[in-house]
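I'd like to ask some things about the structure below.
We call the chains A, B and C, going by the order they appear; numbering starts again at 1 in every chain.
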C-alpha cells in the first residue's frame, strides 16, 4: 500500500517534470484580436517547445489583473503606452526589457523613441511599440455628412443618433473639442479638475442628444450598420472594419487631432517565460506576420511601412480617412500621472448618474 | 325532512364509474356511516356531498334543498379530513376562527364562540397553542371543533381515525360518539374499519364497487346480512364454499368443497345447482356433538387467546374453522379430535362472491 | 478507535464546506473589509481610517445610485414574485406529474445560456431595428421604428426574466409540500378563492416567498451585465460603480468600501423587509 503510493507519487512527479521540460508556456495578456489563431499556430509550429495561452482584456483590466497578482500569472502584456508609467510606479507590476533581445531596428524609429521616452523609469525601458491607431469619430457620410469633430456628437441636429463610450477618451476628446489641451494640464491637478468640470457639464448636456453609450466594438458596429446611430466616438480600427461593409461609414479624424495610442509589449514582473516572450515580439514584427496581425486588429504595425502592410480594404479605409495633415496633427496620449484617472473616474460617474 | 339525502347519485370518471346509482336519506341528528373497502367509491361520494366533485347524474339535497350547483364554500356541510388538514401556520384559535371570519362574523362574537367550542371538545384555553404542540387526539378534537363552531347541517368525517394508533383509536370512537350526542348534529362518517362503523353508527351503509349493498342499523347488518359481501365484510365469518344441492322449505343442503354437507338457510336468491358459500360466525359455533349437516369434526390446531374474544382454531379437512371460546374453558386439548356444531338457522348461504 | 474514525470522517465530510465558506467567502470578505479601511494619503502610502466610507456617503452620485439600485431590485423582486407565483403554483399543484418535470425544465432553459447571451437576445429583439420594432412597423401598428432598449423598463424586464427562476424554485418546493386537503378545508369552511389564497396558500408558501425574495433581491442588486447592456445612458447600477472603482480608477480602497456598503445595505433591506412583513428567518427560510 505505502509502496504503491510512493510509486504513484514518483510517477506523477516524473510526468510533471518532463512536462515542464518539454513545453514552455507563453501566457499572453492582450487585446481581443491581437493574437489571431493563425499567427499562434505559425508561432507554435516554428517553436514547438512553446505553447501559447491567450487571455483577452483591455487596458484597465490588464492593470487590475496584474495588480491583483503582483505581476504574476502572465508572461507578456500589451498595455497602451500611456498606461505603463504610472502603473509601474504605483504597483510595480512590470520588469525592465532587455532591448538587446528585441529587433528594435525593425520598428518605426519615432514610435520606438516615443514609447521608450514614455516608459523609462530610472533608466530602465519597460515597453516597446507593437501596433498603433487612433481614436476619433466615425460617421455615416450619407446620413451625417457634416461631422468633422468631437463637438458634432453633441449636435442637436443628430438628436438620438449619436453614441460614445463613457471612458476617458471621450473626456479628452471633448476637452480638445472645447479648445483645451488636457495633456498640457496633466501636471496641474487643480487645472485638470477645472477642465474636467467643464467637460462634465458639456457631456451631461450632451446626454439628451446621444442614443446610448456603447460598451464594446460589437454593439457599436451593430448600431452603425443598422443606421440607428449615424455618428459616434470610435477606435479607427472599428471604423475601418465597418468601411469594408458599408463604404459610407468612414473614420473622421477630428479637426482638433485624432487621439493616437500605441499598444506596447511589456513584460510583467512575475513573467516566467521571458525568452518565449522575446521570441513572440520578434516573430510578430516580421513583415508577413505583421500583415496577418493588422488584418485581424485593424491597427497599424509600428514598423516603417506599417500602412502598406495593411490589407487592401483597410488601406482604402485609411486613405479615405487620413491625409498627411491629419497624420501630422495626431495627438499621442501623454503619460497619465497617478491620481488623474481617479479624477476622471468620478467625472465619468457623475455623467452617467446625471439625468 | 332529512338533513342529507342523495337520490340516484352517479359519478363517472371517463369510462370508470366510481359511484353508481346511490341513494340515501339521513335523518336529523343521527350518526350515519358508509363502510366499504378502499376504492369502493365512498370517498368520491363524500366529496360530492362536500362539493369538491359534481355528480354525473342524480341529486344531493341538504335539509331538502338541492346543493348540486352550490360551490363548496356555500354548502353548510363541514368536513373533517382524513389527515385533518388543520392549518399549520395558524394557532388553534385561528384555525377555529377561520370559518367564522370567512362568514364575516363580528370580531366580538368570534372569540367567545371559539372559547365555547373549545370548552365543549374538552380543550379549554388552548387558543394560542400551535398545531404541532397538540397530540393526535387533541388535533382530532380541534378538527371537529373547527367544523362544529360553524353549526353545520351535516358533519362529514373522512376516516379521521385512520392515522391514530390502536389504543387512541378505540378511545376516540367512544369520544366521537359522545361528541355527536353532545352537538346533536348529523354525522356522516366513512370508514373501511367495520368496528368503527358498528360501534358508533345509528345506521350503516355497506358500499362495494360503487353501490350500496345494504343499509341498516349495525345489528341488522351483523345478524341479517343481505349479501355474501356484507356477511363477509361485517364481522368475522368462517366461509365454506360449496354447491347448493337442494332447498327444502327453510332448510337448504350444501355440498361443501372437499367433502361433507352443511345444512343452513338460503339468505338470497340462490337456487339448487348454484355455486354458494356458507357463512358461519365464530360465536355461532360451539365445541360439541351435533347432527348431520350441523356439525363438522376435526382436530384442534391452536388456541388464539384474546380475552373475551379468544378463539379456537379447528382444522377440518381443507378448512380452518375459528370457534369462539369466550370462557377459555379448556374443553379441548391441542391436537385432540373435536366436533364443532351449530344450529341450522345460523348457517347463512349466499351466492358465491366473485373472487 | 471507531469513535475517532467516526470523528475523522465527520471532519473530512465537512471539510469541503468549511474550506468553501472559509476560503471563498469569509477570507475575501475580510480582505475587502481590510482594504476598505485603508486611506490613501499619498503615493503608495496608506493609513487606517473611515475616509473611504465618508467619501462614499458624501458623494450624492454614489448614494443615489445605491438607492436607485435597491429600489429597482425591490421592484424586480416584487414583479418576479407576482409573475412567478402563478407559474410555481401551476407547476406544483395543477400540472400533471409527468408534465411537471418538463415545465420545470422549461423554466431552467434560460440558465443554459450565459447572462451575456441572454442580454444580447433581448437586444436583438428590442433594438430600434430589432425584431419587434420591425414587425410592428411591417404590420402597420406603428409608423416609425421605436427604440425599446436603453431604458429602465427594459432593465427591469430583463432582470425579472433573469431571476424569476430563483423565485419559482423555492416556491414550487414549498407549495409541493402543501396538502391539497388544506385548500379543500379552506373552501369547505366557507372561504372564497381569495380568502383561501390570502389566508392559506400565501401563509403556507411564506417560507418559499421569503427565500425566493431574498435570493432574487440579492441576485438583482448584485447583477452586472443585464443592467449595463440593456440600460441606457441614464441607468446607473451600483455594481458598475464598484467595477469602475476597482478597474478604471484603480481605487481598490474605495471599491472595497463600496462592496461592503452594498452588502450592508442589501442586508439591511432584507432585514427591513422581514420586519415589515412580520417574518423572521427562523420561521421561514430555516423552517424544516
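Following the convention adopted for this analysis, contacts are C-beta pairs under 8 Å (C-beta built on N, C-alpha and C of every residue); 3 or more make two chains touch, one makes a residue touch a chain.
Here is each chain with its UniProt name: A = Spermidine/putrescine ABC transporter substrate-binding protein; B = ABC transporter ATP-binding protein; C = ABC transporter permease.
What you see is a predicted model; the values in this text were computed from it and never measured.
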Touching both subunit A and subunit B (chains): C
Nearest-to-centre chain - CA centroid comparison: C
Of A-C and B-C, whichever chain pair has more C-beta contact pairs: A-C
Geometric centre distance via CA averages, subunit B-subunit A, whole Å: 87
Distance from the mean Cα position of subunit C (ABC transporter permease) to that of subunit A, given in whole angstrom: 35
Approximate Å spacing (C-alpha centroids) for the pair subunit B, subunit C (ABC transporter permease): 55
Sites on subunit B touched by subunit C (ABC transporter permease) in the complex: 50-52, 71-73, 77-79, 81-83, 85, 87-90, 98-99, 102-103, 146-147, 150
Residues on subunit A engaged by subunit C (ABC transporter permease) in the complex (per definition of touch): 60-61, 63-64, 67, 87, 89-91, 160, 167-168, 207, 210-213, 215, 219, 222, 226-228, 338, 341-342, 344-346, 348-350, 352-355
In the complex with subunit A, residue positions of subunit C (ABC transporter permease) that touch it: 43-44, 59, 61-62, 64-65, 123, 127-129, 147, 149-150, 228-229, 232-234, 236, 240-241, 244-252
Residues of subunit C (ABC transporter permease) defined as touching subunit B within the complex: 179, 181-182, 184-192, 195, 199-200, 203-204, 206
